[in-house]
Amino acid sequence: MKAVYGLYAEPELAQQAVDNLRAAGVADADITVISSEPFEHFEFGHRDAKTVMPWMAVVGGLVGMTTGYLLTSVTQMAWPLKTSGMPIVSWWPNLIVIFELTMLGAIVASVITLLVSAKLPGSRAGKLYDPEVSDGYILVGVENPSDPARLEPALAINGGRVKSVES
Amino acid sequence: MDRRHFIKLTAITGTTAALTACGNPENQVIRFIPEEDIVPGVAVWKPSICPLCQAGCGVLARVMEGEAEVFRNGQPGVIRMGLVKKLEGNPADPISQGKLCARGQAAVQVTYHPDRLGSPQRRVGERGSGQFKPISWDEAIAELVGTLDALAAAGDQGALAFLTRPRRGRRLDLVAQLLARFGAKPPVAYELFSDDVLRRANAMSFGSHQLPTLDLEHTRYLINFGADFLGTWNSAVAQSVAYGRMRQGQGGLRGKFVHVEPRLSQTGANADEFVAIKPGTEGVLALGLAHVIMVAGIRQGSAAGRAGAVIEGWSAGLADYTPDKVEQRTGVKAAKVERLAKEFASHLPAVALVAGAPLAHTNGLFNALAVNALNALVGSVGQPGGVAFAPQPSAAVVTRPLQEILAANTVPKVLLVDDVNPVFASPASWQVKDALLRVPFIASFGSFIDETSALADLILPDHSFLESWVHAAPESGSMTAVPVSAGPAMRPLYDTRSTPDVLLDVSRRLAKPISPALPNTFEELLGADTPKGVSPRTPKGVSPHTASGDGRTTGGDKPFLFAEAPRAKAEGLSVRYTDPQFDGDAAQYPYHFMPYPSQSFLDGSLAHLPWLQELPDPMTSGMWCSWVEINAQAAEKAGIHLGDLIEITSAHGSVRAPAVPSPGIAPDAVAMPVGQGHTMFTRYASGRGVNPIAILAPSVEAATRQLAWSATRVKIARVGGPDASLILFAGATRERPEETHGRGD
Amino acid sequence: MAYRWGMAVDLDRCTGCEACVTACHAENNIPTVGAGQAARGRAMHWIRVERYYEGDFPDVRVKFRPVLCQHCDAAPCEAVCPTYASHQSEDGLNAQVYNRCIGTRYCGNACMYNVRFFNFFNPEWEKPLNLQLNPDVSIRSVGVMEKCTFCVQRIKAAKVLIKSENRDLKDGELQPACAQACPTTALVFGDLNDPESRVARLSHSPRGTKLLEDLGAEPKVTYLQKQAWYEPDAH
Amino acid sequence: MNRTLTKPLADDLVRPLFHTSVWFYAIVLTAGTVVACGAAAWAFQVWNGIGVAGIRWPVFWGFYLVNFVFWIGISHAGTLISAILRLVDAQWRRPVTRCAEVITVFALMIGAMFPIIHLGRPWLAFWLFPYPSSREIWPNFRSPLAWDFFAINTYLTGSVLFLFLPMIPDLALVRDRSTGWRRRVYGFLAFGWRGTTTQWNRLESAMQIMAVAIIPVAVSVHTIVSFDFSMATVPMWHSTIFGPYFVAGAIFSGIAALIIAMAVLRKTLRLEAYLQPIHFENLGKLLLLMSLLWAYFVFAERLTVWYGNEPSEMAVFWATQRGEYAVFYWTMVVCNFVIPLPILGIRRLRTITGCVIASLGVLVGMWLERFLIIVPSLAHKQLPYSWGTYEPRPVELTIMAATFAAMILLYALFSKFVPIISIWEMRAGDRPATPSATGDHS
C-alpha cells in the first residue's frame, strides 16, 4: 500500500486538510480520516454518517419477536401440558418472552450491522494507520493515491506533519 | 458403590441384578433359596393383630417380595422373602373395622427397627449398662432351664416371678398356666395407665370387673369425664369409628359431646362444650347432675339400682350435691350444672364416661362410681347408645400388683420380664430399679434393650408380632366378642424365637417337666381352640380395602350388647366422697401436675418408633421432644414464653423441659406428655426429653392401690431461655393470632 | 369417562388423631428426618392436622383441620415451575414429576396451603427400616419437591385391575392411605365426575367449603364444616 | 485548546495498566481467598445437599434469593444509568459510564449465579434453557423463572456489548502503547480498530440504538425479578406495585454501588482529576431522588396493606413492623431514608464522604429490603399453622461474602487491564459543546 497523510493536533487543521484534499480533486470516499475520538462537531466527522443500522435494528427486533412467538406458542402446543388452569398457549406470559427476544434481536442486529459496516474485527495490515493517533493526533490521508506528490501540499498545513507510506 | 447407595438400589429395584453386577465384597453375601412363593410386585394380604395397646385391633399386613438380610441357622445372608410393607385395619375385624390409628400404622417399624435384638444376649457389663453379648439359643435356654431347675431343686418355686402387662389373651393365659404348674405365684402385671380403678368400680356398680364398651354410634348425649377415648384410652379406633357416626351418621341427629377435664386433651378438643373442673372432683359433678335429675323428677333415684346404692346418700337424693355445693367443690357454675343435667337426661340415649386422670386421684374409685351411678340413673347401661360389657371367652387371669415384688422381703429370686418397662414407667419414689437390682436373676423376652431389660442377665428376644402367632382377647371395643388369633405374616428376620414357644420349650426341658404337658407350640395351643379350615387368603384386589382376608375368629358372633348385664352379688358397701389428696403443700407447690399419655408413645413403650417420634402432637405439634403445657395467661404473667426452659419440681424430684403456653389448661395446672425421657431405649428414644413420671409422688388410689398419677403438686421456675430442645411442627396456635390483629393501638 | 379425583374432609368427624399422617408416611416412603432436621423445619408430612385454638381458658375451643394437597384446578404451584415438573394430570391430579424437578422450590412458595415438602438431603432409612419401603412408590432424591399424590400408585393399580376385570370402578373401592386409615371416616375420596359417588355428594353439602377459597386456586378438596349442636327438642 | 493535551490524559488513564501497586496484589489475594472459600462452600453444599443451607419449610427461599435480587438490583447502576445519561447527552457522564457499566456486567453475572446456587439439583440447571428435553418437553414459558432466564440473558448480552463496544477504541489505544504479549492481546481485543470516521460513526449509532433498547430491557429485568414474587399469591407479594417498586429500588441501590465504586477508584487509582466532586454531587442528587422515590413506594405499599387489613397480609405487616423482623425493618428505614435524606439533601453535607456514607447505608438498607420482602412473607402465609422462621447457615453467609469479594476481585482485575475511565469519551468531552464555525460546511 502506498499512502500519503498528514497528522494534525487540532481538528480545525484536520478539517482544513480534508477541505484542501477535496479542493485537490480527491473524492470524498478516498479521503481517510483516523482519530482517537469522534468529532461530531466537525464536518469531516459527519462524512459517511448515513447508516441502515436503525432499520437493521427494527428488522432484528421483528426477527426476535417472531422467534419469541414461535418458541413459546409452538412448544406449548407441541406437548400441551396443563398448568394452573391456564390456556395451553398463554399470551400474557408469552408476551414477556416475546418482548425480551424482540429487544435482544434489535441489539444483536445493531451490533452485527456495526461490525459489518465498520469492518470489525478486521486486520490493519495494508491499511493506513499511525500509532500516533492514539496520542491524540488526527490522521488525514489518501490511500494508494494516483499522484502523491500533488497531494502533499494540500496536507502540508501549518501545524501538521506530512508523512507518506511506500511499498 | 457406597452403603447408602446400596440400600437405595435394593429398595428401588428389588432385584439382584444391580448387586451381582458389582464386585463389592459387601454384596458377596450368602444367598438363601427363597422360602416362599411370592410373585414380585404383587401384594398379598395377611391378617395379624396390632400388639401396641390393649385394644387388640385386627390388621391386614400387606406383604410383598423384597430382599432382606437375615439370619438362618446362625448364618447371615440375603434372602428374597415376603416382607410386610404396610398395615391396614382389617375390615372383617369388629374392633378395627378396617381402620387403624397412628400407632398401629407405625407398628410395622417394630419389626424393622435397626436396634432390634437379633439373637439371645447375655449380659457382660454392669446391670443397667446395656452391654450384652450374643449367645446361641441352646445356651440361653439351657441357662434359663438351669436356673429354674435350681429353684425347683431348692423347693423355692415361689421365688419365680413373671412380670408382664395385663393384656388379655392366650399368651397371658399360657404364662399363668405355666407359673401355676411350676408352683409359682400368678404373674405380676404392671401398666402405668392402668384401668383397674374403673374395672373395680364397674364390678361394684354393675358386677362386671372389666372395661365398658361404648355404643357411641347411637348416643345422643355424651358427658365424658377425662377419658381420652379418641386418643389413647381403651379401644381408641373402635371408639373413634363410633364417634364419627355419632357426629355425622345418624341422619340429621348429631350427638352432643361434653368434655369435663382441667386440661383440654385431644379428645376434649373435639367437644361441643368444654367444662373445666378442679382436678379430682369429677365425681362430685356427676353426682350433682344426678341430684338435679332426681330433683327435677326426670328419673327416679331407684332406677340406678345397685350402682346408685353404693353411693352414700343416693337414696336420700344426694342432698350434699346441690348445684351450689357442686359449684363450690368443682368450680363448675351451678347454672351450668343444672343445664347440663337437664340436657343429659332429656336427650336419651345419653351416656357418661370416665377414665384417665379423674381416676388417678386418691379418690378415683369414688369418681368412677359416681359416673357409673349417673349412667345407671339415666338407664344407659346395657342399652343402645350406652355402655355395656362384652362377655369374655374366659375368665381374666388373676395377676398380682407390681408392689408385691418391690418390697425387700418379697424379692423374687428369678424374674422373667415380658413386654413391660416399669423402671421407666413408674415414679422414681417407687425405687423399682433398686428392687430389680436385688433380684439375683432376671431374664427378659424383650426385642429391645430398654431401662428394664438392661437389668436383665439374659435376653431371649421374641419374634415381632408379624413374625409369630399372636392372640388377643380384647375385653372391650366391639359389639361382638372377638378373641382373635393370627399366624405369622412374614418369616422372621433374625435368630429370634416366639416367647410362648420358648416358654413351652423350657417347660418341657425342665428337670421335672411341667405336667400335664402343654402343646408343643403356641400355634398348636391356639389351634386347639380354633376352628380349622379358616386360613388367611389372598384377596384379588390391589386396593387393600378390597381385601377380606381375616384371622381365625373364635367366640360367638352373638351380639351381646342388649343382653342384660350380668349382676353379681351386691357387696353391700356404700362409698362416700372424700376430697382428693394431693402430694405437696399447696402453698409451696401451687400447680397441679398432670402427666398424660402421649398420643404417640402411650406410656413411653412406643418412643422407639421414628414415625411416632416425628408425628406432631395433635395439640402442641411437638416432635422428638418433651414439653410443659402451661396456661397461656399465667405464663404471660410469669414472664414465661414459648420454648423457655422450665424446671418442674415436686416433693420427689424435678425435671426440666421447654414451656408451651396453651389456652387449653387451667391456670393452676401444668401438664406434660409421658413417653420421652428414656435413658436407654434404642437410638431414637435414648436421651431424648424428660420423663414426668419420675417426679410423681408414690400416691395411690385409696381403694385399689393403683398409682394416682394425677395427685402430685409441683412448683415451676423459669430457669432459662429457649434451649432449642422444643421442636414444633406448627407455627401459630390460632387461626388469626392476636399479634396480627387490627391496625395498631 | 375421565376421572376427576377429589376428597371431602368432614371436620365434624375429624378428631385430630393423626392416623392419616402415619399412614401416609408408611404408604409413600416419606423419610423421617430426625430431631436435628425436624428442628430446622425439614419434617415432611404430606398430610397434617392443623390445630387452632379459639378463646381462652376455660371458654376455649379447638378446630382440627387436616390439610393435604388440595389438587387445585388452578393450582398456583403448576405454572411457576419452569420444567413442568408440577402440572395437572388428566385425572385432575396435581402431579409432581420428580425426575423433572430441579428444585427451584418455587412451587412450594406459590402454594398457599404449604403442602409441598422438599428433600433437603438424600433420604436415609437405617437398615433394616428400608425393608418397609413401598416398592410401588419411588424414592425421592435430594433437591426434589414432593407432595401428596392422592396415592397415585393405588389409582394406577386400580385402573389396571378394573381394566383386567373389564368393569367400572366402584365408589369407595379405591382409597388413599389416609382415608383408608381414618378411624372416623372424616376423609372421603372418590371420583367427582361420578355424581353418585360419596365424595361428589358430600362436596355439594351445604356444609362444604373450600380452604382459602377466595384465592381462586379451585381446590378439589371440600371441607365440611363442623356443625354446632342444637337441641332438636327446642325446635 | 491544544489537542496534544490529550496525550497526558491518556497517559494518566492507562497508567494503572502498566504500573501495579502492592495494594493490587493484596486486594486480589484477599478477595480471591474469600471467593475460593465461597466456591468451596458451594461445593460443600452440592455434595451434601441444599439442606446445609438454612432454608426450610415453609421459607423455601432465603439468603440466596435475597442476594439474587440484591445483585440484579445493583446491576441497574450501570447500563441503565449510563444509557439514560448518554441519551440526554449529560456531559458529566463521561468519566462515570464505564465504571458503571462494569458494575452491571459483574453484578449480573454474580446475581445470575444465585438461582443456580439455590437449586436443589444445580447440576440440572441447564434444564431451564429453552431446548427440548429427551421427551421433547420445552421449558414452561408460563413460569417467571423462564422469564428470568430470557430477561437476564438479554440484559447481560446487551450490557456486555454496551460495555465492550465503546471499549474497543481504548483497547486500540492500549495496543498502540504496549509491546510484546500485551500488544498481541490488546491488538486482538481491539478488533483491528483504527478510528476511521466510518468506524466512529457506526459506533456512535450503535451506542445510540443500544441505549434506546437497553433501557426498557433494564426496566423489564427488575420488573420480571419482581414478578418472581408478585405472581404468587403470597401475602404482601401479590401486588401490582412490585414492578416499579423493584425497578426504583434497583436503581437506588445501583447508584449507591456506583458512588462507592467511584470513590474507591478515585482513591486507589489516583483519579481525583477525573472523578471530581461534581460527579459525586450529581450522583448524590440522583440518589436523593431515588431515596424519596423509594420512601414513596414503601409508604404506598404499607398504607395499602394497613388500610386493607387483609388478615394474611396484616400478619406479614406486623411481623415486619413490630414483630420478629422489626429490627431489620426499622434499620432499613434508617439506612434508606433517615440517613440519606439529610446527607444528600443538605448541600454542605453532599460531599464525596457524605455521598459514600449515604451509599453505604443504602446498600445495607436495600439488602435488608430484599430480605424483608422475601422471608417474612414466606414465613407468614395464609395458614398460620404452617408459619415458620428462617435463619441463615454458615454456608449461605460464606457464599454471600464470596460474592461481595468476587465483585471486588473482578473490579480490581478489570481496572487493572482496561482503562476504567473511557479515554476517548473524556477526550471528546474536552471539546467545547458548540459546533466549530470553521468546520461546518453544510
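Note that the chains take the letters A, B, C and D in the order they are written out, and that residue 1 is the start of every chain.
FYI, contacts are C-beta pairs under 8 Å (C-beta built on N, C-alpha and C of every residue); 3 or more make two chains touch, one makes a residue touch a chain.
Not measured: the values here are computed from a predicted model.
Undergrad: Please tell me whether A-D or B-D has the greater number of C-beta pairs in contact.
TA: A-D
Undergrad: Among all chains, whose Cα centre is located farthest from the one for chain C?
TA: That would be chain A.
Undergrad: Hey, which chain is the most central one here, using CA centres?
TA: Located nearest the centre of all protein C-alpha atoms is chain C.
Undergrad: What's the distance between the Cα centroids of chain B and chain C, rounded to whole Å?
TA: About 29 Å separates the centre of chain B from that of chain C.
Undergrad: Starting from the mean Cα coordinates of chain B and chain D, work out the distance between those two points in Å.
TA: Roughly 63 Å separates the two chain centres.
Undergrad: Centre to centre, by mean C-alpha position, how many angstrom separate chain C and chain D?
TA: Computed from C-alpha means, the inter-chain centre distance equals 43 Å.
Undergrad: In chain C, what residues contact two or more other chains?
TA: Residues 43, 48, 50-52, 76, 79-81, 84, 122 of chain C touch two or more partner chains.
Undergrad: Quick check on chain A: which residues sit in contact with 2+ other chains?
TA: Each of 81, 83-84, 86, 93 in chain A touches at least two other chains.
Undergrad: Do you know which chain D residues sit against two or more other chains?
TA: 137, 140, 142-143, 146, 384-386, 388
Undergrad: What chain-chain pairs meet the touch criterion?
TA: Result of the pairwise touch check is A-C, A-D, B-C, B-D, C-D.
Undergrad: Going by the contact rule at the top, pick out the chain B residues touching chain C in the complex.
TA: These residues of chain B touch chain C: 4, 7-8, 10-12, 14, 41, 64, 66, 68-69, 83-89, 98-106, 108-109, 112-114, 230-231, 236-237, 240-241, 243-244, 247-248, 253-257, 264, 266-267, 269-270, 272-276, 343, 346-347, 493, 541-546, 599, 610-616, 618-619, 621, 623-625, 631-633, 662-667, 683, 688, 724, 727, 729-730, 733-735.
Undergrad: Once bound in the complex, which stretches of chain D touch chain A?
TA: Listed in rising order, the residues of chain D that touch chain A are 2-7, 10, 130, 132, 135-138, 140-143, 146-147, 150-151, 153-154, 157-158, 161, 165, 168-169, 172-173, 176-177, 191-206, 209-210, 213-214, 216-217, 220, 224, 227, 423-425, 427-428, 431, 433-436, 438-442.
Undergrad: Flag every residue of chain C that touches chain B in the complex, lowest number first.
TA: Of all residues in chain C, those touching chain B are 10, 12-13, 15-19, 21-23, 25-27, 32-35, 38-39, 43, 45, 48-64, 122, 124-135, 138-139, 154, 157-158, 160-161, 172-175, 177, 180-186, 224, 227-229, 231-233.
Undergrad: Spell out the part of chain C that touches chain A in their complex, as residue ranges.
TA: Going through chain C, the ones touching chain A are 73-81, 84, 86-88, 218.
Undergrad: Which positions of chain D touch chain C when the two form their complex?
TA: Contact set of chain D toward chain C: 48-51, 54-61, 115, 118-122, 124-125, 127-128, 133, 137, 139-140, 142-146, 149, 228, 231-234, 378, 381-386, 388-389.
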